[in-house]
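What follows is one structure encoded as structure tokens, with my remarks underneath.
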Amino acid sequence: MNYSSILNKIHQQVTPMLGQGKVADYIPALANVDPNQFGMAITLNNGDFYGVGDYKQTFSIQSISKVFSFTLALREHKKKLYRRVWREPSGDPFNSLVQLEHEAGIPRNPFINAGAIVVCDSLISKSNNNEAAVNDILAFIHAISSDASIDTNKSVAESEMQHGFRNASLAHLMKSFGNLNNEVEEVLTAYFHQCSVEMTPLQLSRAFLYLANNGTDPISNKQFLTPGQAKRINALMLTCGHYDASGDFAFRVGLPGKSGVGGGIVAVIPGKMAIAVYSPGLNEFGNSLVGTKALELFTSFTGLSIF
Amino acid sequence: MNYSSILNKIHQQVTPMLGQGKVADYIPALANVDPNQFGMAITLNNGDFYGVGDYKQTFSIQSISKVFSFTLALREHKKKLYRRVWREPSGDPFNSLVQLEHEAGIPRNPFINAGAIVVCDSLISKSNNNEAAVNDILAFIHAISSDASIDTNKSVAESEMQHGFRNASLAHLMKSFGNLNNEVEEVLTAYFHQCSVEMTPLQLSRAFLYLANNGTDPISNKQFLTPGQAKRINALMLTCGHYDASGDFAFRVGLPGKSGVGGGIVAVIPGKMAIAVYSPGLNEFGNSLVGTKALELFTSFTGLSIF
Amino acid sequence: MNYSSILNKIHQQVTPMLGQGKVADYIPALANVDPNQFGMAITLNNGDFYGVGDYKQTFSIQSISKVFSFTLALREHKKKLYRRVWREPSGDPFNSLVQLEHEAGIPRNPFINAGAIVVCDSLISKSNNNEAAVNDILAFIHAISSDASIDTNKSVAESEMQHGFRNASLAHLMKSFGNLNNEVEEVLTAYFHQCSVEMTPLQLSRAFLYLANNGTDPISNKQFLTPGQAKRINALMLTCGHYDASGDFAFRVGLPGKSGVGGGIVAVIPGKMAIAVYSPGLNEFGNSLVGTKALELFTSFTGLSIF
Amino acid sequence: MNYSSILNKIHQQVTPMLGQGKVADYIPALANVDPNQFGMAITLNNGDFYGVGDYKQTFSIQSISKVFSFTLALREHKKKLYRRVWREPSGDPFNSLVQLEHEAGIPRNPFINAGAIVVCDSLISKSNNNEAAVNDILAFIHAISSDASIDTNKSVAESEMQHGFRNASLAHLMKSFGNLNNEVEEVLTAYFHQCSVEMTPLQLSRAFLYLANNGTDPISNKQFLTPGQAKRINALMLTCGHYDASGDFAFRVGLPGKSGVGGGIVAVIPGKMAIAVYSPGLNEFGNSLVGTKALELFTSFTGLSIF
């Protein structure tokens, strides 16, 4: 397949839509990005890669980082992790606090904020403190992407910390149920630093290849997960990867994926490739509006879908 | 692949588990089935089929029928249907009434009861009355399975009707929001008759082939849906097919599927086959306990999974 | 105190407000009333009465009837009644279905619709059928008011029945939990007939004297409740008598009372009198806007308040 | 009336019940009190007082302090305060977080924790910092009780702070909605110190006289509230003073009152007296089990009730 021409065709078709979404504005660092950016990258399991537009532009990966921290926690804690975080879709966001209340502080899945905070707590318990935990997450990202230049953005993390009252509310509620082992402030510090990691679409598509190849990076041949674990993370991304629009994403795109409020989305085609797209304007559900459209076009043009 | 031997191996492994689940007991017709039954059938896209155990035993397909009625409604109403029923997972069952209340009577997806009741209402509007609607659903099942012997069980339907207070509560709530066009009693009558359809695992695996082949039955070559529509129903089954255990099913089995409280589960491997399993003991989420295990073993043994 | 001049002063002050509220419009019978009506009546424990404006105008008492049916049920079932309906305020109306779901079909108090439906069910169980139950309620109203002319309005009741989907939803949900002993349709028929009773402000103020005099009508000297029961119904009216504005009513008016969507409110000053007001325009909580104001003025002008 | 003999009779009747309730055990300072304590005190508007049992025993007044802080905030902010906290009963505690979420961070009333935290925040805004706010609350308590010996218990406050994750969750949620003007930690520090105030039943009954006398202390003749404000706080105590058992308390006792998890309850008979009772064993709703019974007996024996 001629991926370059497909990417160009997508770029052309989405260009008129740029600027339609709404850039995340709850912190200055995200509010000030240029809303008209668009970049898309593919990395195949054989290492070939393709890009279009701003595919080498770094951006804040935000919730996409939850896949990395969850992978790391799963490697460490294995099935025991599922005692502290479930794997079911969460329903509407309105529901998040009442769900935690009703279900004794156990979040529905690792990709909603409450779940990712629990995952972060489990990594701090392993790494001893929040800085070490963030360093371990970064080291893991370096390993899966074979790229040691990837880093957090401390000013973004601090800015989030100052506006993170809702996440603090979730964390304290879980703490009241005994589902956080470390201090709330320490956990949130690690969590916000993890979310502040910056990557390019190209780096992201490269980093997710281990999930397109049964847990083993097909280029470096390093194994990061068992095939069963990798399959399960893909299943989790499909059912829970896009907040309250996970069903819609599965419906329209038909691929396991994870989005972030920074405007990035990454998707996996098992056995073949990973695809990352970046465009900061968000739709009503907090997912990249143009990014979702671009991935929908990609599966239309290529016929590649897991369904 | 030697499907016969795989089915036998599965049968052998699950036999010690038979009787562990809890048979649905809210109506006598379901409560009185033998809890130790187990049958599993595969039909390949080329028409070859395999079966083990009670694979020719008819049982009450219950919620599996929602896939048939939804397909029929989608053919008739197309995208307009999505104004009345969404396509997002629903979160925990506790949530069902409050979700309808909060979201103005629009159910989250067509596979929860509220959604299937709306779908049924849309079919009555097309067919003129509830009997005609049920006949249309039956005719559709006959067409996709090339088997005109399949029928409803009227005594099961009537028994459900007499105990269906919770469904009546959901239906009246949606009616109060204007999301039912026909009389509540008429809609529920059609709904309970639709759920009372009886099929064997073999018939079910045959009937679902259109979803394993982009909307066209690979044996009769009749097209029932566009490829896009078929892909989307598969996505819906993956994210919403198993009540509040949809995430767990995706996680453990990794296939689009739909379960029913009668003990049946059907799953689709796009491009390859459909698989149906029957065992009436249910797990805590209302899905066949042994059936889920059997499908998990099937994807383990064959390596077939969409992820 | 010169009650006539106080009533006149109130009438004068509220006249400019007439027409501000919104008349209940969910059934034609209520929607078509003249929004500018205002009537207020006082009956003292010694039998003296005073009225102003449309105080001899009959109107649909609607939820005010719940006090009568609850009194009757309490006489019959005594403390056992509290196993089926509690006596706590209900919080916001959004909450009503989820509360029933969460608390196994037991309504929070007898003055929300769900609670009044349970009370009605308990009266049918006593009276044998729904018509007899309504007749018993009417007979009770005749007894406490010494006025046999009071009647239901059948066309209002039937009109409510045709639009009562939300009440039907509540009733079926309670039935699913086993908290209704009779058929849902029969219970709702009785309930809607009970709510359709028509009275004048003067008749209402007369009828409530038994609650202003420890359970015994001070004029006829007939005892309808024990002093303890009467005190408790007053407490219930204070905490639960005005839907989600019960707190606000206690706060502003400071008297036990009960309102109805027909525009009536009745209040009790223990040891002294009962007061009824009618004005069909409702505020955002479904209580008579001008009626609430009139009662607030009454307690201001007279200094009479239980606090 | 012979209040001494009534108090003795009550003491006698409740003695066999001592030890039945469950002492609050979420912090050591409360868990370690002797569960068999019982004290009750009455102060009449003319200054006469009566006591029985441990009526001179100090205990942690906890939520009873919310009446003092609310009075102070109402004096300062007047009606503006009601933009930030409502005056409706809250329904069941399960509901607290979802209510705040659904209603944009505005608590239902000043006597649930969320409401009292907002009140505390409003006092800090007035007093400049949390220490000054607590000092102002203490000064107010000294003024209304004519007793400058009353103080907070710093070790109780600090212990609460270390276990107050649920309150921190509520506070952060309100902060995320913009309904807290000061830092969460500062507000919680003031809140927990306010709750740690220690008083005896006798001091409490003395302190509440301003609410039994239209806002003016009948002994010192100092006015603390207008009559309308005092009446409204009494209405609020009646509808919201006892968590999710407010309706039950109104029903059984029939007096405005406020309870605390330390085992205290105080009640007001407008125009006559204030009554305080202390017994640390709590019922299932978190209110003093024996204290509630003692007040119920008091209204039975004396016939004093607002209804």
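First chain written, first letter: the chains are A, B, C and D, and each begins at residue 1.
Note that in this section contacts are C-beta pairs under 8 Å (C-beta built on N, C-alpha and C of every residue); 3 or more make two chains touch, one makes a residue touch a chain.
Values in this document were obtained by computation on a predicted structure and should not be read as measured data.
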Lowest number of touching-chain links that must be crossed from subunit B to subunit D: 2
Relative to subunit C, chain with the most remote C-alpha centre: A
C-D or B-C - the one linked by more C-beta pairs in contact: C-D
Centre-of-Cα separation between subunit D and subunit C, whole angstrom: 32
Cα-centroid distance, subunit B relative to subunit C, in whole angstrom: 47
Residues of subunit A touching at least two other chains: 94, 102
Chain contact graph, described as a line, ring, star, complete graph or other shape: ring
Pairwise chain contacts under the document criterion: A-B, A-D, B-C, C-D
In the complex with subunit C, residue positions of subunit D that touch it: 86-92, 94-95, 99, 102-103, 108-109, 230-232, 234-236, 238-240, 244-248, 250-252, 254, 256, 270, 305-307
Contact footprint of subunit C on subunit B as seen in their complex: 94, 97-98, 101-102, 165-166, 168-173, 175-176, 184
